[in-house]
Amino acid sequence: MNFRPLGERALVKLVEREQTTASGIVLPDTAKEKPQTAEVVAVGDSEDVQVKKGDVIVFAKYSGTEISLEGEDYMILDSDDILGVVEG
Amino acid sequence: MNFRPLGERALVKLVEREQTTASGIVLPDTAKEKPQTAEVVAVGDSEDVQVKKGDVIVFAKYSGTEISLEGEDYMILDSDDILGVVEG
Amino acid sequence: MNFRPLGERALVKLVEREQTTASGIVLPDTAKEKPQTAEVVAVGDSEDVQVKKGDVIVFAKYSGTEISLEGEDYMILDSDDILGVVEG
Amino acid sequence: MNFRPLGERALVKLVEREQTTASGIVLPDTAKEKPQTAEVVAVGDSEDVQVKKGDVIVFAKYSGTEISLEGEDYMILDSDDILGVVEG
Amino acid sequence: MNFRPLGERALVKLVEREQTTASGIVLPDTAKEKPQTAEVVAVGDSEDVQVKKGDVIVFAKYSGTEISLEGEDYMILDSDDILGVVEG
Amino acid sequence: MNFRPLGERALVKLVEREQTTASGIVLPDTAKEKPQTAEVVAVGDSEDVQVKKGDVIVFAKYSGTEISLEGEDYMILDSDDILGVVEG
Amino acid sequence: MNFRPLGERALVKLVEREQTTASGIVLPDTAKEKPQTAEVVAVGDSEDVQVKKGDVIVFAKYSGTEISLEGEDYMILDSDDILGVVEG
């Protein structure tokens, strides 16, 4: 099953703390209530999406919509709520 | 009886959990308070509608207007509240 | 006495449940707190009005302004609050 | 003394229930909390004003600014708050 | 000392009830909580200012900023909050 | 140390009541809760800034951000919150 | 590890009071509840970003998103929340 985000949206998977991501980045310990880190799984076809599949991104607090696909938790984020990209 | 959504709106029918949709997609178990899944029944004529009849979509929480047609429950969604399409 | 709506507005008359409208459509039983159905009586001259006299429409909850003309109750709706058209 | 409304505004005089207006229209009994009816006394010079002096109009609830001129009560309405015109 | 309002603003002096203004207009008794009347003292250089020095204007409730210049009270009003002009 | 405001902003220094400003203007006694007066120290490079260094300005209540530079208190104001200029 | 801010955003590191920044500027003692000072670490590629790496900036209260990278605390700021640049 695939999920195709519409427009400026991205589907992301939350990255656990101190976890190594699929692209090999080890994420630092982040305090509670801090913004969250996620890996991009799929993006919409809008030119305004500035991230691509595999990017590890930081997104704004209180943003996004949680979604469960095949038993795993994802988030759908608006492009404006993606603050930046963590590069290894 | 038909319902013709105006503009950027879509008429959708809620998909029950673990239900098989008309197009054969089996939907995963989704936790409570999660965004909801629906199948598109009709769309308005605006170019901004990015879904078509039969698409299984995920829509934003707290969006849409419930409507009952011939004893069955539907929702009318604004195009902006359709987050993405689930593909089999 | 006539009422001429200005701009994008429409004058509509609420349709009772299970009632047969002037154009012969029998409306289904709708639960309480559901959006309401009405028949268009007059429309403003804006191009943005997508309905015409006699259309049976569904409008958004909490929208419109009630008005009494010659002892009968009507509503004045903004075009944006008309969600779609019920076709027989 | 005259009052010249600026821009898209209109100066109107409230019409009492069951009262006959200056232009001879007898207004119906309207329930409490219903939108109010008024007669246009003067309009601003904006093209967006779609009413003229003498029109009997219905305006949105909670709109307008009350003003007293030479002991009589008027209201200043924004053009957007004028919902339609009652025609005899 | 002079005060030069910037942009679309006007400097006005409140007119007391039943007072005769500098231009000779006698203002009517207005009830409490009614909009207020003022005389324009200076205007900004924006084309959107539709009043001139000496005009007696009515302004919207809860608008404007009070200012004291040389012991006298004035208000600075945005052009949008000036509802109309009282003409003698 | 210098502070360079960005865009439409201005750096201003609050003027005490009855104080004589650097440009020789004696400011009147202003009541409490009245808008405040300040002298412009630096401005951003936007064309929308309508004041210059040395101008004595009145700014809107509840606007601006306080900043301490070398032990002295300043405010950073958005251009829109500068209501007018006091001229000697 | 690097963090690449997207669009009009900047990554900044908070500057402690009375601290000497990397570019040699000694910052004054600022009272509590005052706006905060930070040093720019990285900026997005939008033309609207008016600061560059190494700039010491003042940002608006209640703005920005805290982020922890490799055990150090940073903030991600929108360009609009950067009020000005402190120059040595």
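In order of appearance the chains are A, B, C, D, E, F and G, and numbering begins at 1 in each one.
One rule holds for everything that comes next: a contact is a pair of C-beta atoms (placed from the backbone, for glycine too) under 8 Å apart; a residue touches a chain by one contact, two chains touch by 3 or more.
On a predicted model such as this, the values are computed, not experimentally measured, just so you know.
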{"item": "Interchain contact steps from subunit A to subunit G (minimum; 1 if touching)", "value": "1"}
{"item": "Centroid spacing, where centroids are CA-atom means, of subunit B and subunit E in whole angstrom", "value": "54"}
{"item": "Centroid spacing, where centroids are CA-atom means, of subunit D and subunit F in whole angstrom", "value": "44"}
{"item": "Centroid distance [mean C-alpha coordinates] between subunit G and subunit F, Å", "value": "24"}
{"item": "Shared interface positions of subunit E, touching two or more other chains", "value": "none"}
{"item": "Ring walk, subunit A to subunit G and onward", "value": "A, G, F, E, D, C, B"}
{"item": "Subunit D contact footprint on subunit C (complex, rising order)", "value": "1-7, 9, 11, 44, 65-71, 76"}
{"item": "Interfacial residue positions of subunit G with respect to subunit F in the complex", "value": "25, 28-31, 34-35, 50-51, 58, 60-61, 82-88"}
